[in-house]
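Structures follow.
Heads up, the next two complexes both have chain A, just with different partners, chain B and then chain C.
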Partner chain A sequence: MSTLASGLRVAHPHSIEEAIAARAQNPGSRFLGGGTDLIVNMRRQIDTPNALIDLSRVDEMAEIVAKGDILRIGAGVTIASLAGDASIAPYKAVVQAAEGIAGPGHRNMATVGGNLCQDTRCIYYNQSEWWRSANSFCLKHRGDTCHVAPQGQRCHAAYSGDLAPALLVFNPEIDIAAPKGCRRMPLADLFVEDGRAHLSLTEGELVVAVRLPAAPPPSAYAKVRVRGAIDFPLAGVAVALTSSGGKVGSLRIALTGTNSRPFLLADTDRFAGRAVDDKLLQEIDRLVQKQVQPMRTTTASSNYRRVAAAALARRLVAQLAGQGAA
Partner chain B sequence: MHAPSPPPRKRLLRLKLNGRWREDAVAESDLLVDYLRDVAHLTGTKTGCDGGECGACTVLVDGKAVPSCITLAVRCEGCSVETIEGMATQGRLDRLQRAFHEKLGTQCGFCTPGMIMAAEALLRRNPNPSDEDIRAALAGNLCRCTGYVKIIESIKAAAEVTP
Partner chain C sequence: MTSEPIVDAKLAQRRVPLIDGIDKVTGRARYTVDLDHADALVGRILRSPVSHGNIVRLDVSKARALEGVIAIVTGDDCPYTYGVLPVAMNEYPMARGRVRYRGEPIAAVAAIDADTAEQALALIEIEIEKLPAYYISEDARAPDAVLLHDNKPGNIEREVHHEFGDWQAALAQADLVREEKISCAEINHAQIEPHACLAEYDPLTERLLMQSVSQVTYYLHLMLSRCLAMDESRIRIIKPFVGGGFGARVEVLNFEIITALLARAAAGKVLMALTREETFLTHRARPQTDVTVKIGMKRGGKITACTCEVVQRGGAYAGYGIVTILYAGSLLQGLYDIPTLRYDGYRVYANLPPCGAMRGHGAVNTRHAFECLLDRMARELGLDPFEVRRANLLKPPLFTLNGLMVNSYGLPECLDKIEQASGWKERIGKMPPGKGLGMACSHYVSGAAKPIHWTGEPHAVVNVRLDFDGGITALTGAADIGQGSSTMVAIAVAETLGISLDRVRVVAADSAVTPKDNGAYSSRITYMVGNAAIDAAQKMKTILTEAAARKLEARPEDIEAIGEVFRVSGGGEQSSLPFHEVAKAALVDRGAITVSGTFTTPVEAQGGKHKGGAVGSTMGFSYGAQVVEVSVDDATGQVTVDKVWVALDCGHAINALAVEGQIEGSVWMGMGQAMSEETRYLDGLPAHASLLEYRVPTIVESPPIKVFIVESHDPNGPFGAKEASEGALASFAPALVNAIANAIGIDLDEIPVTPDRVMQALIDRRRQARLAQSVRAAS
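And then the complex of A and B:
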């Protein structure tokens, strides 16, 4: 790893307004959340901003506030704070996802906004400068070929955040600040199926909060990874399930690690009214396998990740149903 | 090739290092681990993977364990930073250092400062940790010698000693 470029500037705004203004003044700058993803990428020279806008002193982004039927989580809340906050406890999938993110030291630094907006990952991308140079770089950075799918025209780097799927099953919105004002949109619309440009944010925009609806359904999150102690998900699955009389009321399943974006599994509405039995679980398994698109972006095979994602989904649905959630 | 970088812009960094306030001129691009080792000359904190993956550089910032190789030094303005050098007092080993020594929690010793700082953060918030608590607290710290068993025994032994 190399040190950071010596000419790097760091600004420390104390408000969202100041942060947005600092970013607008310098198109070569980047917002800095916890830095557990960005600083590593800068040390690998795959991200080379000339300045960082440190958001750690923006207090208004570091709060979790319940107001009416919305729980508003500031994008600057650390993952450790999120995991331990009593108001998050009913959102079980979020707690489980947060507790499984990286190691304890990372969770003390990393933030909700940073985790949501983290870069996509690939074995041809998250490497040192000399490694990538020896491989003629790649489509995502400085190269013209995707080594995962050389015939194609797009980057297949995988989105590997844990929080996104866990939040998506609750259908949240996000607040975005920008030089031209604020806007609000569904979290699902933040993500795009393109490993090179996986966020829909426009220049200078900043995710400032996540808005979760109150009264969440029972939920769970699980992932498979190479190293159990700390690692990014090879596949991660969140499930939210309600029912009455042993039959499915609503079922939402979200995935990460398998595509260039986290996404809600389509067509789960058709399971409403069905009993949670082996036949249903097999159908869920098939639906997951049909919609995920793992590519050769990790050391594990893409087929393993496809099968693992389906198995996790099946397992979590059965588990939630067995707990009486369904 | 990248264009040569402009000279670093330095600023005054004020922080409390192992209990004593100090001020140093640091480049805005300096990482905390490099500040500790090259400016403060506290070389107990180790540079391992350099990417936040091994935990050898773990220090406490305002009481929380963080990997110093991915922490900007200028972010620690006004903070309390604690390193392995701050553990012993008046030449006497701290309870964790003593336990690691007596229970053979150290072999080559490279990961030990990070292990001890991560363990110190744990014992401050949970004075009587279970094996599972210890494993969870050390999840970000790699050791290639001990196999971890002796490390966990060391931390359990330290927990039985009144600080």
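And then the complex of A and C:
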């Protein structure tokens, strides 16, 4: 354990076991990946851990290993290494998502685990202490009103990670280390539709790896944002599509930026066996517009995020079908 | 005119790196927060949490009692207003009695460290009785609105009504009259260095040393004297390296005065380093603007009349407001021949951080609206955008209707250059779907011809020194804020003296040693300080030439100085002297030499006689034109700038490398305003106050920019030069919007053209098409 000039204590474990122990010994501490999300939030005093558990020396979390029919990505792998790793290349959506995250500096620091577990975002939340205090704080932090939907009971802060949807279309599992031992569950179950508590992890748990099934289907990821770098997605869409003889085999669509969690679009099974034509694309458009729930958490309008998410889904499906995604 | 015009057609363009470039890229350059502040106290400001209200109670006693707190100041400690125009200073460094925007300073603390200062702020007790707050011009102007300032009815800071010629008759004679209302969002300079200053007060000598990020140290000097009631001679201002200004630091800023007050109260040294959020809150940038412009045009494209109404949401205090609303009207002229004109301007108060000067001050949003309308009318008349502009060119030398002097005019050549380079004639109308070309023109002043503080002194003074070491030192009060003005001074001196550039050292912006200068604003330095530098260098050259003549036993008029050698014209090796020997000869009997050069504008350059007629007046306008090529994704509303061709008439490029950099910077900053930059407030709280949410374009958005320098050789400019840093900015946004119209057939009436705005316009068009269809179906 070292102490920073600011007085903050930092533990530097070398194994997952040590990391879990350090976390358990320090109630109120947080795991630190690349820090590109957490440190910014700490500076704004919206996250106030009393100690940090630095994961950068846990080598076993920084590996990508292919074993049998599973590709296991350590949660400590940086976004830049992920994007450049040959074994990830077949998972095109993941590569595209990783390449588009923030800027080069962020990608060199940020990790897979940190990106998956990043905090939800809102224009009423990602502000300075002075700002939030002048606005009587908010439901997500220290306040009792959600300024986005003052009548409601929940926080609508939006999940904005790029990797999650790109991974979700491959049905991965994640390994979680915890004081009580390890557990494994589908990645989709990590996320909860609640901006204030969007992760299903319990106290002291740590995502240590993502397990991707081998032989991935053709896939793609795209997002909209105001600038072509740095900005978080206003809406991001991943699609995985298998087809044969011009007909849809399986179609999976996952979204980010529109809700408090990344999610797989429900009800895409019904497209199996259909030809990818204008009618199908229109149905996909409608399905996306129906299931996304963008709220006024960004300066861009929520309607834009809805419409753009649908447009991206159409485009990616058409693109993959056009590539003869067989 | 105090300096002889210099037009030397043989003068070669130089391309030299900035003389302070090495310091910057090696990290040696010391910016304000890099200065030695080991023994300085930490300053922090308490800011208003409400938009509008009366301060009922302010109690700093608990904060004062905190250990480690050395000084606290509030509005009570400074009963003097500060500001820009002597007639419109209505702002206190810290609020007195009333707060008018969220973020307005109320009190400040100097403590032994940052934690203590923060704790002290939290201990200050404040009670504010809220008043209604207004965030849009229309609400602030409503008849029943509470006044922000009791002496400003209707919450109008200034109305301007100017009429030139019989515009009504001219509109009647037009073949086509069209009107558009175009809105431009408020934006910010977003200079990369956050605000900071270091103030040191010595209670024994009662002297104040202020080092700050100022663009105009002279204004800072005046306002510190005013607000601290100190004799000017007891104040010294130094400008360290500054990381950008763009107008943010032209006017004196509240934190500078507050820090000086703290330093005096603490009898010591105080460092004030604002956060990025506070830097945004300090603001003083381009206001949200609604422009309603009407043009009357003949079938061939000739403009007969223009009427224009501009409403600027200026924020809570006057600042530069009057100047901005005057610029917005006056610079309708000076670019094209507009034979009749009516202008109505309204500068409105609102409960938001005060706006101020920003690159292209006042002119940009009006120019945007005008150039968009020009294109739309050209389209309606079946005219090419270039042709409609060529139909309205000026024929200088002349004075415009509103009294602006135009002597040099490179706009026709700018148009030719970008038309050819972009392949306009071959490509326009033949672009694939979703791709388009657009163009527009712009101009800007090379320094305001009439200074704000009229003292009768020259506009610029430069001193040039020579001592035993043979070094030439140029002393100027002009602030180099990254634009390269010190390099320009060095080149002007070296060129005039015929010596190498590295013999010249420039000392800038230290009131103890450099002559007063009106500073870095309105693109005045190259024209005014450049001329003053040449004037000083010529005086030094006369002294050196006489010394060389004495040594060489020749007549001074036969001496020429080239490449650090003074020789008798047509003479041989033995009739020449190297520079250091001439310098030694010049110092005999008199010792170190200092000469002073000046520049003053003649009265005829200072604008029309009507009220406010001085604003917009200048010795010479730069002229710019650009073509922008775009791709528009109609599924996501995303716009990509594929390429830009830009030409700028800067008279003469004293340093072509720096000029190109400034033109690219103008395009890039124009692109930010046009595409993504925007300040937005949520009930008066900034939603944009970080470099994540305030979307300055990244390198990903930056297109290839092809720059063309056009040289019209202004008869009065230094070596024929005019300004080069602002003129190209205003044509980007209209060229982009015109290109989008060309690409997807939609005229956008709002900037920035963010994807959601473009998408909304596409949705609206589809809805209108459906409505039109159903109407047809029903009839």
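The rule is short, and it goes like this: the second predicted complex is superposed on the first by the 320 of 326 C-alpha atoms of A that agree within 3 Å, B and C clash if a C-alpha of one lies under 4 Å from a C-alpha of the other, contacts with A are read in each partner's own complex, and residues count from 1 in each chain.
Keep this in mind: contacts are C-beta pairs under 8 Å (C-beta built on N, C-alpha and C of every residue); 3 or more make two chains touch, one makes a residue touch a chain.
Bear in mind the structure is a predicted one, so any value in this text is a computation, not a measurement.
Look at A:Val226: by the touch rule set out above, it reaches chain C but stays clear of chain B.
Judged by the touch definition given at the top, the superposed model places A:Arg315 against chain C, while chain B stays out of reach. With both structures placed on the common chain, the touch criterion links A:Thr299 to chain C but leaves chain B unconnected.
Looking at the shared chain after the overlay, A:Trp130 reaches chain C, while chain B stays out of its contact range. Applying the stated contact rule after C-alpha superposition, one finds that A:Leu4 touches chain B and leaves chain C untouched. Residue contacts after overlaying the shared chain place A:Val307 against chain C, while chain B stays out of touching range.
When the two complexes are overlaid on their common chain A, residue A:Asp54 makes contact with chain B while staying clear of chain C. Shared contact residues of chain A with chain B and chain C: 103, 229-230. Residue ranges of chain A in contact with chain B, taken from their complex: 1, 3-10, 12, 32, 35-36, 39-40, 43-45, 48, 52, 54, 56, 80, 102-106, 108-109, 229-230. Touching chain A in their complex are the following residues of chain B: 2, 5-9, 27-31, 34, 49-53, 55, 58, 64-67, 70-72, 74-75, 77, 118, 121, 136-137, 139-141. Residue ranges of chain A in contact with chain C, taken from their complex: 103, 123-124, 127-128, 130-131, 133-135, 147, 224, 226-231, 234, 299-301, 304, 307-308, 311-312, 314-315. Contacts from chain C toward chain A in the complex involve residues 47, 49-50, 102, 275, 277, 635-638, 676, 678, 680, 682-683, 685-689, 692-693, 695, 697-701, 754-756, 759-760, 763.
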